[in-house]
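Each of the two complexes below includes subunit A, the first together with subunit B, the second together with subunit C.
Here is the complex of A and B:
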């Protein structure tokens, strides 16, 4: 008697299976402790600031003018999340999507499954996105709830929260795609990734001319003034980025980067022969 | 998916949804303070709870601004400043950081208070007032110098104080913080801080102060009836002004000057009237400015906006405009002697 032949699952179904399998692994890995520290620090700081405020301390002051909650929130989103957490989490998780499987010599088990190789990359990328978004966004919401009432109104700053959540989610998606390529192609992806965010991206933003267009940070940080709750902070940012890209331009460019890099990473995974070191 | 992974994701999503729902409710209700706390300068704790008008000036920022350096070239400083420095040891340019002033609607002269933060020689200031007949006293643990006009020479006293016969007082509230005003006002400031019943508990006032953007060089917030009560305001102006309830003025001085005047009327119709008055004023200004480019530049920098009960008039004088105005002033100075000679 012949067994009925089972068709290979579609790319979407296969990606979903890899996603389900990878999410738990990713979420309960040692890397998550690092992520917890990265996103827990702003919450802790917000809590301390709020407790000081409730205790009647004079709070953070600039030019003898107490800085209100919305300004502190804008500063924290900029410094802790957009500038640091998003690229750092992108590099740590993005580069490990394929590199970890190669290093652990477990990639063979995935590649011998009757699924398209691209599905492995896409499923793992989606798991990375879910993992980081489900950890980072609650942290931003908690900071917002703690800090904004210090002289601000939750209602008046609600749209800023939405924008900030959107910016962080877009940043995680784009950086993840960029580092997925590095992780799929290079042998020491973490070092290259760190050099990219702390070396290249930092340097090109300071260079005059069009070099900054070759970085993700330029487009991502260009979105931030649109979401900043305070004009003076936005003006400070705009002074830093002499010619900030437009909102539409930033979003369109990042969409292109996301699609191109994710496609490129999937292509590398599909075609590359990974040699496992003994 | 493991159970703990599912629990984690549900918990995480719950925090985000809770935050978004809270924000959404607040957004539609326009409030939801969640025990919000008031901001503003720390000196607010010394101001009376019934303060009708509060002003703040970051003197240090203004003094060191590029704008002031340009103005010095046009407007030289007076001799009074040197005399003031000689007597008190206070150099207005370098020793004063900020000034906060407040007054009430009822008997504003008696309750007007000025709080000056900076670097002072307490002994020298005390000495100056004591030379004028002032006496030292302690009030709730705060050192005060009280000067009774009856015992003093009019030269050393503010004219208003002398004329009204009110005792003038100066208190050293904190290191580097002086309170100046009538004895009643200064004592009330000390009590306000100690009791906690101060301007920070005045929700209406604090709402407007909180709306002022951080980093402004100077601002003032007040109830309009506080100004209406002023004897200096002509009756005709009082009658023609619509029912404005609150106003705020804020300005930022750096290379140029930017500022916003915001007024809140009692209702939409009054606000619309006010906007019409301002529009008319701007049109009139353009009409009468003729070919004077200085007036033209200033009027073009004014932008009116607002909806509902608010009217906002903002202006931005760029450093280039200031340079141009300075140039015009210099030209005018040069041309003046030639006309005289003719």
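Here is the complex of A and C:
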């Protein structure tokens, strides 16, 4: 009796399998504790500010202007999430998608499965995205619930929350794709990733001319004023980004970065021969 | 015919060194390993670019009288130089320090190290010296070099005589940066088996504390909360060392206490984590 021939799973099916396997690994790891700390501290800070406010203390000011909850929320989303958590989580998870398997010498087991090599990267990338979004976005919602009632209304600011969640999700997706390339290509991806976010991106934003267009931060942080709930803070942000890109321009550029870099990372993984150190 | 080697037990024929010298071997080996990496040498060279820039500045300030106004060398130049080097200190700490203990833990080498006639303090001291050596190479060594070159370019000791405090200030300032960075990184390195995780924890500690300070100072409109940031504490202490007005409203004593607490906690973590045998209940 002849066995029916089994076809190799499609790229989508294989990616989904890798996604299912990787999601569990990522969620129940010590990294999630680190991520919890990164996103938990802003929640703690929001709680302290709220208690400070409930105690009747006044004096919460930004640039010597008395501010309300929506403005504080805008500042916290920008300072903690858009400027810090998103790039750091992107570099941490993005660079480790393939580098972890190489370091643990387990990439051989993945590559010997009858699936396209690209599926390994895509599945792991999707797991990273799901894992970070499930942890980061709820913490933003918690900060919003704690801070907005200080002089603002939850209903009136709900749309701004959705915009902020969208910005953070887009940031995680784009940074993850950029660092997936670095992780797939370089031997010491983390240091290069850190140099990119804390060296290159910080420097080019300060350079005159068009240099800033060579960073993800320019497009991502440029989105922030569009979601700012408070006019005064929005104007402050507009002043910081003297020539912010348009909303459509930012989104389109980030979509291109995402597709190009993810495709490039998948191509590297498919073609590269990973030599495991003994 | 190939020789047949005797594989039976043989007594150790080498010299026996008394306990207390092994740290040197660990330090030497660590330094040699880092110097063999081209990427690290590139980073080290890159960290010296500001030194070259400062040397050019010193040359023009003394050789071109027209430039002496806006390129003037004073005590602030040395303080600013040390502050600029903090970027390289960060990258150097991450590159060199992240894997110092984590890689040994990953390879289960800690037990092998501590099975030798060597104290735990020697192991920690050796590892610490690897990181501290390279950090001193980008802070203290160029700082002293700049002082020497300033004297050489000027052709007299007037500048040094007028700013005699710069010699201990550069030394103490560099040592504060190196001590805090080295101990913090080494403690974090002992907490994990993954050097990447260690690197990201250190990055988080430095930049998240800075972001926390930035947000708190904006919200409360005061720099009294600067003690929450590791970087701000270092800046405040070094400002005082260089006899400058402190840039934050927080008392310098508190900054010193925070930095001391960081070092003490790091030593305590190292004491608990660096053990030859891990007893599991």
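The rule we apply is simple: the second predicted complex is superposed on the first by the 272 of 278 C-alpha atoms of A that agree within 3 Å, B and C clash if a C-alpha of one lies under 4 Å from a C-alpha of the other, contacts with A are read in each partner's own complex, and residues count from 1 in each chain.
FYI, contacts are C-beta pairs under 8 Å (C-beta built on N, C-alpha and C of every residue); 3 or more make two chains touch, one makes a residue touch a chain.
Please read all numbers here as calculations on a predicted model, not as lab measurements.
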Practice item. Consider subunit A as the common anchor and indicate whether subunit B and subunit C clash or fit when overlaid. Key: fit
Practice item. Applying the touch criterion given at the start, work out whether A:30 contacts subunit B, subunit C, both or neither, answering first, second, both or neither. Key: second
**Study point:** Touched partner set for A:96, first subunit B, second subunit C, both or neither
**Key:** second
Review point. Should A:49 be classified as contacting the first partner (subunit B), the second (subunit C), both, or neither?
Key: second
Exercise for review: May I ask you to decide whether A:150 touches subunit B, subunit C, both, or neither, giving the answer as first, second, both or neither?
Suggested key: first
Practice item. Please work out whether A:271 is in contact with subunit B alone, subunit C alone, both, or neither, and reply first, second, both or neither. Key: neither
Point to revise | Lowest inter-chain C-alpha distance for subunit C and subunit B in the superposed arrangement, angstrom | key: 12
Practice item. Indicate the residue numbers of subunit A shared between its subunit B interface and its subunit C interface, in ascending order. Key: 59, 61-64, 67
**Study point:** Residue numbers on subunit B that touch subunit A, as the complex places them
**Key:** 1-2, 4-5, 8-9, 12-13, 15-16, 18-20, 22-24, 26-42, 56, 58, 60-61, 97-98, 117, 210, 213-216
Practice item. Quick one: which bits of subunit A touch subunit C in the complex? Just the residue numbers, please. Key: 30-31, 34, 37-38, 41, 45, 49, 59-64, 67, 72, 75-76, 79-80, 83-84, 88, 91-92, 95-96, 99-100, 103, 188, 190-191, 194-195, 198-199
**Study point:** Residue ranges of subunit A touching subunit B (in the complex, touch as defined)
**Key:** 20, 23-24, 27-28, 53-54, 58-59, 61-69, 71, 130, 134-135, 137-138, 141-142, 144-145, 149-159, 161-162, 165, 230-233
Exercise for review: Would you tell me which residues of subunit C are touching subunit A in their complex?
Suggested key: 39, 87, 90-91, 94-95, 192, 194, 196-197, 199-201, 203-204, 207-208, 211-212, 214-216, 218-221
